[in-house]
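Below, chain A partners chain B and then partners chain C, in two separate complexes.
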Partner chain A sequence: MTAETSAAENPQRISMFKVLNPFHVWALGVGIVLVGEFMGWNFSVAKGGAYGALIACWVIGLLYSCVAMIDSEVTSTVAAAGGQYTQAKHIIGPLMAFNVGLFLVMAYTMLEAADALIVGDLMSAVAAATGYEGLSPQPFVVLTIAFLAWLNYRGVFMTLTVNFVITLFAFLAIIALFIGADPLNPGNILRHSDLLTELPYGWIGVVASLQFGMWYYLGIEGTCQAAEEVRSAGRSIPLGTIGGILTLLVAASLTWYVATGLMPWQYLGQAATPLYDAASIIGNPSLQVVLFIGTMFAAIASANGCINDAARAWFSMGRDRYMPTWFGAIHPHYRTPFRAIIFLIPIAVSFAFTGLLDQVITFSILSGLLGYTFMSINMMRFRKMWPLDVIKRGYIHPFHPIPALVLLGLCAAVYFATFLGYGASLLSIMAFYIVASAWFVMRRYQFVKRGDQFTMPWPRPRGY
Partner chain B sequence: MIYWEILSYAAWIVSGLLLLWILVDAISVSREFDEELLISSREGVDEILDEIKKEGGIK
Partner chain C sequence: MSTYIPKIQHKRGQLIDSLFILVLVYVSLYIPLFLESDTKSAEETATVQSYTWESLGVSAVEQEQWQKLGYDEAAAAEIINDKFDYTIDPLMLAITALVIIGYFFFVIRISDRQYREVIEEKFGADETSSKQEATQ
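The block that comes next holds the complex of A and B.
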């Protein structure tokens, strides 16, 4: 059924506003991720040393470059909210779609909780620095989630315009730190020759560091969720996504270069706010303020993008009856998935109140990783079922099937790395998704109207 | 320091007001508009899809 015939049958149909441009797409993807440059990536240094973290930075950068290319091609043909969930529904099938939708909702909601927790902890740190010890982070955690949920509720244009401004500030803060470190005069401030060491735990340490290398880029695939609200998704999504991964590759490399030139790996591997620490070591008060604000903005931008993406994934599942249709509602004035936004607020607050930042982040990373594994299989099937001469793409990624195979291989390596450090978490998360799948097959799928969920005007797939 | 305590209370109050506003608005919208209309959206279409049709890309 095409959109035109649908509209003819039911003229009173509401849809999301198409108001976004490639800059918003960039802000959505980079905004979710950039907090990982300000904190988190440095745990890879504890596992593999400074050089191990650099290898992880570039190897995982390759993984996400594959993700960005594959996502750009598939999403340029699927102008629908839901991102990878919608791709899975069209290309693989209902059970995979349900799981991918759940991966997305869990990954983004967990990340949102962790981001809000970071904002709360930063406020507590500021209070402690001004002489007030023991400030509870909870009111600031709730305020962060409540304000960003309100912003998301009121409309996507303002939400992602705010994200663009604060993400750009955070990115420029990294550039300012790099310039402030006087990179043209090695040995003046940056002391790589003194601080860089051999691999402290050998190559197994490098493998173990891959898990934390994901912090540099986790969430760039979130650009796909804007597909239904962006003008000309076929062009804007690839532009925003590829621009986003290039930005992150630059930011990640600069982050590693500055931090490892200022701090020994033993300290850097356990630092809570490594870039702020770097600014403190340089000793420029203005730079310290910029990095503090950058850290705060990066966490807020990430939470903001996560609310946007988790709500759209949940909304899409409701629209297709994978979840109750009540969640598939759009606000008639603001044109946002308002019930999905509301439903996910208490879940994010609950995760944040546990205070278990590392467990919450691990769940988020593993959910993301499961999604990337799906994407490699998805891409192979997409090219097989709808070859290049059958359906036009806004972007065609080069060297197929090499990116899909590289992505699959790197995902396997990261699973192994995760098993080394968080084996119990990995197995419990797998068990959670298996139980959820059993619930979907036995209880939920009976409510899905199979014909209604495919409204894209695609040709019949080859072989069907 | 009393300043941080006031800030904490202010954060709770502002959060409560924002969440209350969202809830009240959602309830009023759900009462005012027909449920069929609220859940009537379909997967999007895009300019590139029109191009595909014009160029005969869909077979």
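The block that comes next holds the complex of A and C.
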């Protein structure tokens, strides 16, 4: 046996360690997303004003609540690496699964690149503030990605334990900022009555702001990538995911409240680090340090979780031959998808160095959105093909099919929001997925073992 | 149905396939730069003007916060005057909607065909006996 084992080629394949608990699942999901509260969400203020961003926060919160409910039910049954990719393989079919795998890899790798850029920019800003003007952020970008990839290579338990600690710190930093802003005495530090304005673009701006409202929660669905490595998937994934979405709803509301009470909406709409700016305005040096560390930790936790998830999606596609089988290998000692982890390092770095942060972020958001659209279709088929009495679920979400239909409607609204301002990017990204799909059908599918695509111990689906 | 035996792909083919997807990603990242339809209407050619906080419609409290953030009137004006244009081109909207709907239609339809192959190979072609199994 060679030093590494290709899971795709070896029927006696080694598996990943089952070492994670609900706290790790929470750390994976919230860790990926929380950076969106420190930066990114505020671009929704530019598109629709402060109130527009608040409406976006709640509407998109509803979208993600549907995502969390749907995802928890399916993942509590499909406990395998690859998350939604594996769901698509079992419920819709190979081409959809290939697309979902690509959504995941692209969304997470591009988000990872943006996170690393943030770390690099923050380091440059600190250097400038301490008298070292002109320090290049690029070495910090490379170092961040390389260090986190090494951590991921060495094992998932340590990776997500680190994520838990730094994510918790970042969340507490938001709570500290809220307390530091003296919310019980409106008008003292927070000036909502003077800074909140009418909707600057009317209701069309509110709809447009849904696009960046995604940043409040983008990536929470990544919790199910850990399904193959948690000790009790049926219990841990729903607990971690729903706990995560509740954490994010609280963090998003506090973030909006503090930031809009301190900064004019036009400034807020383009700020690179709005929460750090908020701490600066309050003028408390300790709070500034906490927010600086919180911002760094949030970006690092996000990049860390993204490496974890992107690598597992890429690994799963390699294992199933949707992508080259070489990637479908698990490290014999660390039990991690090590080739996928290493392969994605230079790709993330190169995305970070394109200088196209806007495009990279939009690619990430849209890939996520396409994945959510898939989820609503997936849920309808799942209940139809295997009704509740046919296979046992670890969790059953209530009010079906309302969450799936609401999710589909909200996805349509966010496509329209993206069209308002980023129409060319939207078409370009759709062109990517259309060409990739044609390539899969005409070239890659010939390498795929048909019967191996269904591995769950389920009965034959109804209608097939 | 006989079991499908997939082709074995050599390392060179695997490398080419990986590179293909990468090139495709980069092309789609750069395409929007060559298209003019994004609508953030930055006034890049704006003539140099002298602004006052009053002419920018900034209240006293807003002015105070801008100044705390280290912005004077000119720097703030650059941000305040940079606005989105939400004029909708119905033709572009229709094309975009068709592309998204067409994409999902295509993917689901082809997936369904492939899925039937998967199910037949996994469970066999005899649907009636398996249907009974599913209802038990």
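The rule is simple: the second predicted complex is superposed on the first by the 451 of 464 C-alpha atoms of A that agree within 3 Å, B and C clash if a C-alpha of one lies under 4 Å from a C-alpha of the other, contacts with A are read in each partner's own complex, and residues count from 1 in each chain.
By definition in this document, a contact is a pair of C-beta atoms (placed from the backbone, for glycine too) under 8 Å apart; a residue touches a chain by one contact, two chains touch by 3 or more.
This is a predicted model, so every value here is computed, not measured.
When both complexes are superposed on chain A, chain B and chain C sit side by side without a clash. In the superposition on chain A, A:325 makes contact with both chain B and chain C. Look at A:433: by the touch rule set out above, it reaches chain C but stays clear of chain B. Using the contact criterion defined above for the overlaid structures, shared-chain residue A:266 touches chain C, although it does not reach chain B.
By the touch criterion defined above, A:244 lies against neither chain B nor chain C after alignment on the C-alpha atoms of chain A. Shared-chain residue A:390: touches chain B and chain C both.
Legend: residue contacts after superposition of the two complexes on their common chain; A:459 is shown touching both chain B and chain C. The partner of chain A that touches more of its residues, comparing chain B with chain C, is C. Once both complexes are placed on a shared chain A, the shortest Cα to Cα gap between chain B and chain C comes to 5 Å. Judged by the document's definition of touching, chain A residues 325-326, 390, 459 lie at the interface with chain B and also at the interface with chain C. Within the complex formed with chain B, the residues of chain A that make contact are 2-3, 6, 10, 12-16, 18, 76-81, 86, 127, 130-132, 135-136, 139-140, 142-143, 145-147, 149-150, 153, 227-228, 231-235, 318-319, 325-326, 328-333, 338-339, 341-342, 345, 390-392, 394, 455-459. Partner chain C is touched in their complex by these residues of chain A: 46-47, 88, 92-97, 99, 102, 106, 191, 194-195, 201, 204-205, 208, 262-264, 266-267, 269-270, 277, 280-281, 321, 323-326, 343, 347, 351, 354, 356, 359-360, 363, 373, 377, 386, 390, 415-416, 419-437, 439, 441, 443-451, 453-454, 459-462, 464.
Considering their complex, residues 1, 3-4, 8-9, 11-12, 14-16, 18-19, 21-23, 25-26, 29-30, 33, 35, 37-49, 51-53, 55, 57-59 of chain B touch chain A. Across the complex, chain C meets chain A through its residues 3-4, 6-9, 11, 13-15, 17-18, 20-22, 24-33, 35-40, 58-59, 61-62, 65-66, 68-69, 71, 76, 79-80, 82, 84, 86, 88, 92-93, 95-97, 99-100, 103-104, 106-108, 110-119, 121-123, 127, 130-131, 133-136.
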